[in-house]
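A short write-up of the structure that comes next.
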Amino acid sequence: MEVLYFAWVRERIGLPRERVETTAPTVMALITELMAREERYALAFSDLKSLRVALDQKLSSFDAPLAGVREVAFFPPMTGG
Amino acid sequence: MEVLYFAWVRERIGLPRERVETTAPTVMALITELMAREERYALAFSDLKSLRVALDQKLSSFDAPLAGVREVAFFPPMTGG
Amino acid sequence: MRLSVQEVEFDAGAELNAFSAGLAGAGAVVSFTGIVRDSDGTLSAMEIEHYPGMTEAAIAAIITQAQTRWDLADVLVIHRYGKLEPSAQIMMVATASRHRLAAFEAAEFLMDYLKSRAPFWKKEIGRDGSTWVDAKDEDESALKRW
Amino acid sequence: MRLSVQEVEFDAGAELNAFSAGLAGAGAVVSFTGIVRDSDGTLSAMEIEHYPGMTEAAIAAIITQAQTRWDLADVLVIHRYGKLEPSAQIMMVATASRHRLAAFEAAEFLMDYLKSRAPFWKKEIGRDGSTWVDAKDEDESALKRW
């Protein structure tokens, strides 16, 4: 599964994207796995209220299942326009 | 006093403007004088709900006094924009 | 502020660019362009009559009201009169402000007031004669929201 | 419909004219241009990050929503990414409809959704470092009116 990071999430983790091998059933389970890896991940995901997730480029929620998903993206609330 | 007519008021009366000598104290009194003149005036002023008046180029009301006014204009509700 | 009541066509894009070029501190520019619409394919022209002198004063007063109400970096109003073909541009307003809400609201306010409080009268010239456009109740009631 | 997510500058006036030239039956065109605002004179640039692929899909979905809700003759959305100088244009929307209310509402709807639902992130690069622009509560609550 491709995991993408944008804006300050990308900066805190230090990567724009990476390939993650996981059997996490939900977004929340994936976050928990990532947070356990290293301090920089723990920091990036420490405040979930200021995070959004997209599954295969569609906005989704933390309890969404990951079955069949190829691309997960984490980012702060959007500030376009 | 200069009296101006616009849009269908102008068309019904057949003039864009005319000089009127009057001692009418209010717009309403002026309208009554004009209506008494000729059929075309009576027709133009027959439905006051669909008429507006400006005194010296400011929107006003039919009961407004005419003292000191140099220019009176009659026209239908505006349709700009 | 730029206010023009004119017979000749204007270039909305060039006006928008000139308006935007002169701004300082604005984050939002809203423009509105009104176009002669041929609803049912029978319109040959739109004739716009106006009240020279009062027109400019009325529009200037409407602009002043908008400037009092919203923090505007600049305002533009162009309104034509005379004979206009279908698809011709009738008028344009532009507003600039720090934030989008003020720019949108001020542009809508200007449009609502220009519609019912600036001395213009539209006549539709069709193949089978011509008719003065009636003021709509909804245009009068649109003023109540401000 | 025209949708462009691009790094290069655009000419808002030329875009407005091209948009208006292609319309049939529209009486009202509304445009919005967003500009990099240097609030306190310390901004050296605005960096806009985006999510290629998702950005285009998200904007297209927002446009479809607007077209479902209002009777629109046409819609234009241009949004830039990359490094923008103060006073540069960030983005533009335009809407065309028979009546002014629909054109205004649709443009405001597009702006409200682009602000909070299209994957762009703004970073202000100042003389003393850089900061990601925080999403505002008011931007999220602006969506509730639709």
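A, B, C and D label the chains in the order they appear, each numbered from 1.
Going forward, contacts are C-beta pairs under 8 Å (C-beta built on N, C-alpha and C of every residue); 3 or more make two chains touch, one makes a residue touch a chain.
Because the structure is predicted, anything quoted here is derived from the model rather than measured.
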Hypothetical removal of chain C, resulting connected chain groups: A, D | B
Geometric centre distance via CA averages, chain B-chain A, whole Å: 72
Centre-of-Cα separation between chain D and chain C, whole angstrom: 23
Chain centre separation in whole Å, for chain D relative to chain B (CA means): 48
Interface hub residues of chain C, defined as touching at least two other chains: 34, 100, 111
Contacts with two or more other chains, residues of chain B listed in rising order: 81
Pairs of chains satisfying the touch condition: A-D, B-C, C-D
Interface residues, chain B side, partner chain C - complex: 4, 6-8, 10, 54, 57-59, 73, 75-81
Interface residues, chain D side, partner chain C - complex: 11-17, 20, 23, 25-39, 87, 89, 98, 100, 103-104, 107-108, 111
List of chain C residues in touch with chain B within their complex: 34, 48-51, 53-54, 57-58, 79, 90-91, 111, 114-123, 132-135, 139-140
